[in-house]
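Letters are used for the chains, namely A, B, C and D, taken in the order the chains are written, and counting of residues starts over at 1 for each.
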Amino acid sequence: MSYSFTLSRPLQDYARTLREWSTTECRPYARQADEQKGRPENWREILDTAPIPLGRADKPELGQVPTFEDGDWITKLAFYEAINYGDVWVHPTLGGGIGDLVVKALGTPKQVAEWYDPIQQRGGATAFALTEPGFGSDTSMVATTAVRDNDSWVVNGSKMYCTGGAFAEYVVVFATVDKELGARGINAFVVPRGTPGFNVVKENEDKLGIRSWTTSLLEFDDCAIPLENRLGWDVDHPENSVGNGYGGALGALAFNRPNMAALAIGLAQASIDVVTPILKGQQAGFTPQRWSAVERDLEAMNATLERGRRINYLAQVTVDRGRPSRSLAAAAKGFAPETAERVIRRCIELLGPEGVSKELLLEKWYRDSKIMDIFEGSGQVQRIIVGRTLVGGLAG
Amino acid sequence: MIDLEPDEEQVEIAALARSIADELVAPSARDAEYAAAVPDDVWLKVFETGLVMPVAEEHGGGGVPGPLALLAIAENLGHGDPGIASAALWHAHAALLVGAHGTAEQRSALTRLATDPGARSAVALYEGFGRGPAELATSVAVEGDQVRVRGRKVGVPFAASADPLVVVGTDPATGAVRAVVLPHGTAGVTVVANPGSLALDATQLGAVDLDVTVPVSALLGGPDADPAGLLATVQRLRLLTASTAVGTALRAVEYAGQYATGRIAFGRPIASYQGVSFPLAEAMMRIEAARAELVDVTNAVVADPGGDHGTAVGQAVSYALAVAVQATRDGVQTLGGHGFIKDHPVELWYRSAATLSALDFDPLRDPFQARL
Amino acid sequence: MSYSFTLSRPLQDYARTLREWSTTECRPYARQADEQKGRPENWREILDTAPIPLGRADKPELGQVPTFEDGDWITKLAFYEAINYGDVWVHPTLGGGIGDLVVKALGTPKQVAEWYDPIQQRGGATAFALTEPGFGSDTSMVATTAVRDNDSWVVNGSKMYCTGGAFAEYVVVFATVDKELGARGINAFVVPRGTPGFNVVKENEDKLGIRSWTTSLLEFDDCAIPLENRLGWDVDHPENSVGNGYGGALGALAFNRPNMAALAIGLAQASIDVVTPILKGQQAGFTPQRWSAVERDLEAMNATLERGRRINYLAQVTVDRGRPSRSLAAAAKGFAPETAERVIRRCIELLGPEGVSKELLLEKWYRDSKIMDIFEGSGQVQRIIVGRTLVGGLAG
Amino acid sequence: MIDLEPDEEQVEIAALARSIADELVAPSARDAEYAAAVPDDVWLKVFETGLVMPVAEEHGGGGVPGPLALLAIAENLGHGDPGIASAALWHAHAALLVGAHGTAEQRSALTRLATDPGARSAVALYEGFGRGPAELATSVAVEGDQVRVRGRKVGVPFAASADPLVVVGTDPATGAVRAVVLPHGTAGVTVVANPGSLALDATQLGAVDLDVTVPVSALLGGPDADPAGLLATVQRLRLLTASTAVGTALRAVEYAGQYATGRIAFGRPIASYQGVSFPLAEAMMRIEAARAELVDVTNAVVADPGGDHGTAVGQAVSYALAVAVQATRDGVQTLGGHGFIKDHPVELWYRSAATLSALDFDPLRDPFQARL
């Protein structure tokens, strides 16, 4: 078939194994992770039970996610959905954060050698701080400042939703060196933990869901860092500077959007698969008309998740082929997360009060799923991007 | 004739409820959730207003507000906090049922509810499966001078402590609605422990398994109680719960609108983007529609308690809850990342509306549809 | 009952009689009116069969719509729904247009005496021309100009959707005397038929629906009218001018919006009532599950129309009480027309190909109904107005 | 494995179909509607492309495009005009069925369809009532060496003129799908006159009452025809019609987007209002989803013709048509008053999508819901 939405058999097998493992070995810790607001303490041991390589940052020797002929970005979609199917706590434990990836993307060769390569070799946690209390989707509004004071950059400002910020070796902090320059004034700075003035206001924010994801509220109070910590900027040889790279770096993040949509699909599919057998066991309690309506709902929910998967595939195939489509990525992110919310809520409603009880994970997944239509560009932002294919820059 | 001017009682009671909601209920919402109970001082103050203990003066209460005043109380307390509002109202429901349909002896027991702020009573109504009150599977069978009650109730407020617990079911002999008034500790009432819920923890929801045999005097209104009147009141309880959700929806939309006027993105207050303001406007329109429907259907039930209002009540409840779910969802969405953290109450309203929606859900009336 | 959505018995009786009459006597001409793009030639005779007074402009002696204790604006709602239940052709035949009402609203006493009073006494058709090809909802964009040339105003421009414009004795034309002034420069001018330069480009526009409503495309080409034809402006005694009144006049039109919502409800209710017995007769053709779904759809559609009626009542009670709510009027117009479209379409779908056939009127009503979410402010405009209750002037 | 690159045939055929659609079909849309027939010269030119007469070369045709190429043809012609596209495609459907499942004798009759542009054939498939092809009530009963066909078909293209008319039904003895090939003028075929429709008049839709007895040789594929294969092809016909609607939806959204960039209101192009651009963006997302679903389900049907694809096809068709209905509606709404007059084609697409939606509608898969 020259035009097919069917995953290769090896990738199907990998994804199924991953899904079954995350369900069997990881899901039992889901409630605890939610209540304790962190990954289980024995997360390493849990991950060790995986029968397939997961691409763990903490144990690279266990192997990376295999390569499949479907393509790397398609593989990511299958991976994200399957691992999140168990629970949301699992996936963030695999990586050490993305601060080092930002260094790789924005840094000079020297900076990459200093902050990226070691993390690759020995592992380690890094973080990335962009969002502030004063803005979300409009990243040009960065209000955190970095002011040069002789041999230092002095950073001042607040950052929220900084994943792993409280524990990371260093946080890559986006700050403006000149507000007049707007987005062009925004630069990334490596701020090591322990730097005076780097304060963890809240180790883990109090959130509706994804409570096991440690997102920190940070404050930088006259936090002075060396000049060479400004990414992409060579203090001694300015001609070697690679520029702030800000736009491109954030642009590349756009292609992570379908992965986030896949997370949402994983939770929603898990919800359907949890309630379906329960409902079937309770069929006798429904009138025939209502049972028919229940069956129709289940059918419709499965069908709509399939739609979300297909848009994801359409989007990520373009990345694998080197012609990435921002609008398809946006369509993918615009479609599945909102749909997943509805699916999970409907699963809850079909079960009635049993559905909202903490006996089951549905209520947790309902809380977890809400962020997926918000982070990495809200549903509204995605619709702006998709709208541009029709009306150009007027969409906004 | 059409007359959409609330009367003096409705206006005054609504205003009182709103002021209690704003000044007392709303600020205590988080405390009530963390404690899984309404704080004693808050309960006491709400109790003292008399708004949520509809007991006649002869039994020590402040009188029973009219049906529309009750709707207004539910909505306005829900505007403050759906958790505290539900706890208070669901306690009041038992008094409403007993006051309207109880025997003289049963009604005289209301004095305790009306005078003891420590009392907690509840009605065990819901069973899931989309069942309306006329379809309840819990059987209330008169066997000689005994009544045998068997079944499973879910979403029961104060499941472990309610005294009395008024259980609504149907008479297997006639199919008619019946209720029994069970004191706390009645043998055969098994509470299924609930580790907590998505929201409304202050109402202490739980499931209750029943296999109870009690004297026939426990039958609400006695063996000759009018089932039509009882059914009508039970339908009104559903409408009252839906009204709470409408109040919460309104609050969420107001809060989000307020936030959107101050929050800047891409150089403008986000309220100036139609992608932000239209969902809120849509919610306002639906809230008007939902509130009007609750009023109209309540009037119809009151005007003709013997009529079949199952469809109308089902539609009204289903619509109001769906509107509340969507409005509170759009409330969170408007705040974006801020909506997802507990610094703002929108996430609580989002959870609460979904919880209310799950209590009284009929798959026939609200089919799943992904957004088109 | 001190808070009730139930019409008084007399108004219910009047509305039922009106609905039955429009169904029995008027609906049989619906197809013809659509095909011939005009009211039936014997419309006067048809109206003569009405057993109740309709408030006909052509025969005022037959009586006005009675007064009911529910209030005049509530009465209008019942009236519009019931008369449109038969078909859309009926209602516009009752009035002679609204040009004279604009004169009444905007004119000086002398102008009212000249152009309003005679129409009231002897009847006659008048028209109102605001919309232009270049704008719809944004009425401040009036591009038609009126330039003073000695003793005349010379009007130039195009007007569309001018109801009865081809036949009216005069058309009240909105034109700007000074574009710099924006909305404040817009004035209304009485342009009598036969004035040189007043051209009917298209007597009746080719429309998707409401084809029996004669809406004309007009052109004014150096059309000179006397100075005194500028409404609200006293050429001899400027101190007696009452101002252009433009904003107020258009503001008052806002309270017609629920009436338009009532028209939409009338069509949608007629559609449900047409298909319900047909479907019941065909019940044996459906599987029990599908029949249950059909019944559910019918129940849901009736319920949603009831919601539309209630918002209409909420809005118009405020007008009857002298405290008109623009936002409730907008909510009413924002709710019912879009809902009515959906209801009529679903009625068609439930019948299948029979539903789209011209054997029935459903396909016509589907076409007719579309305008109701467009004219007198589109659904989007209504949402802007409702949004203002939440976010003030930022909604826009 | 996932491979979303169309092959050369698909790309070329899609491009050809799009260019025909843009240059020939779209400009003739109004003429076709007024005449209630595709103008002869347009039909001839479309016919000559070979796109819509899928007949093997041995029978004088240009070959049968692959399943996905056919989907692309349907979508792209629908992008031009749904009326002309449907007329051409529904004529082609008879050839598809006969070519895939006919006896040698039946297939040899395709030469006429492949070479005579004046020929009109059709498949009588739909019955209303939400029936899928496996549930058809029209009976095709083999009685000795005769076949008796009884039933009522609706939404039949070229109802009065189709030659042949391929009637799809079920065998009352086995419940399996069967079809018969009826030449024009077969006794017992009664066409119910249709005074016209909401749209698609060029397809000359009508109802057909059947009480026909013909020799067993009229059975498509003969008495031993494989019902599973036939069912699979019939399912694909439904998907092709849905694909036409998706093409129309896309065109409507593109047209509305274009209009919105030029139209000014309140000082800005209306495209800059999210209340305008979001519904169009939403439509684009859903169109992507619908197209992908049609492709995926077509692949599944082709890969396993014996499988049960009723649910998947039903979902895909229902979703695509619902998306088209909403997208074309939003197209009209974007143009406002201009969308309501015939100077612009959006009103035609609006009517056409609703007409297609009514042909193949299942109340179980697309429950009514007022907007929330």
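Methods note: a residue touches a chain if its C-beta (ideal position, glycine included) is under 8 Å from a C-beta of that chain, and two chains touch if they have at least 3 such contacts.
This one's a predicted model, so the numbers in the text were calculated from it and none came from an experiment.
Across the two candidate interfaces, A-C and A-B, the one carrying more C-beta contacts is A-B.
The chain with its Cα centroid farthest from the Cα centroid of chain C is A. Taking each chain's centre as the average of its CA atoms, chain A and chain C sit 52 Å apart.
The distance from the centre of chain A to the centre of chain B, with each centre set as the mean of the Cα atoms, comes to 38 Å. With centres taken as mean Cα positions, chain D sits 42 Å from chain A.
Within chain C, residues 289, 292-293, 296, 300, 307, 380, 383-384, 396 each touch two or more of the remaining chains. In chain B, the residues that reach two or more other chains under the touch definition are 273-276, 278, 282, 364, 367, 369, 371. Taken together, the chain C residues at the contact with chain D in this complex read 131, 133-138, 140-141, 160-161, 205-209, 282, 285-287, 289-290, 293-294, 296-297, 300-301, 304, 307, 338-339, 341-343, 345-346, 348-359, 363, 366-367, 370-371, 373-375, 378-380, 383-384, 396. The part of chain B that touches chain D in the complex is made up of residues 273-276, 278, 282, 286, 322-323, 326, 367, 369, 371-372.
Looking at the complex, you find that chain B touches chain C at residues 1-7, 10, 68, 253-254, 256-258, 260-261, 269, 271-272, 274, 277-278, 280-282, 284-285, 288-289, 292-293, 295-296, 299, 303, 311, 315, 319, 364-365, 367. For chain A in complex with chain D, the residues that touch the partner chain are 1-8, 11, 68-71, 74, 292, 296, 299-300, 303, 306-308, 310-311, 313-314, 317, 321, 327-328, 331, 334-335, 380, 383-384, 386-387, 389-392, 394-396. Residues 126-130, 135, 137, 154-155, 194-199, 205, 207, 264-266, 273, 275-276, 325, 329, 332-333, 336-343, 347, 350-351, 354-355, 357-359, 361-364, 366-371 of chain D touch chain C in their complex.
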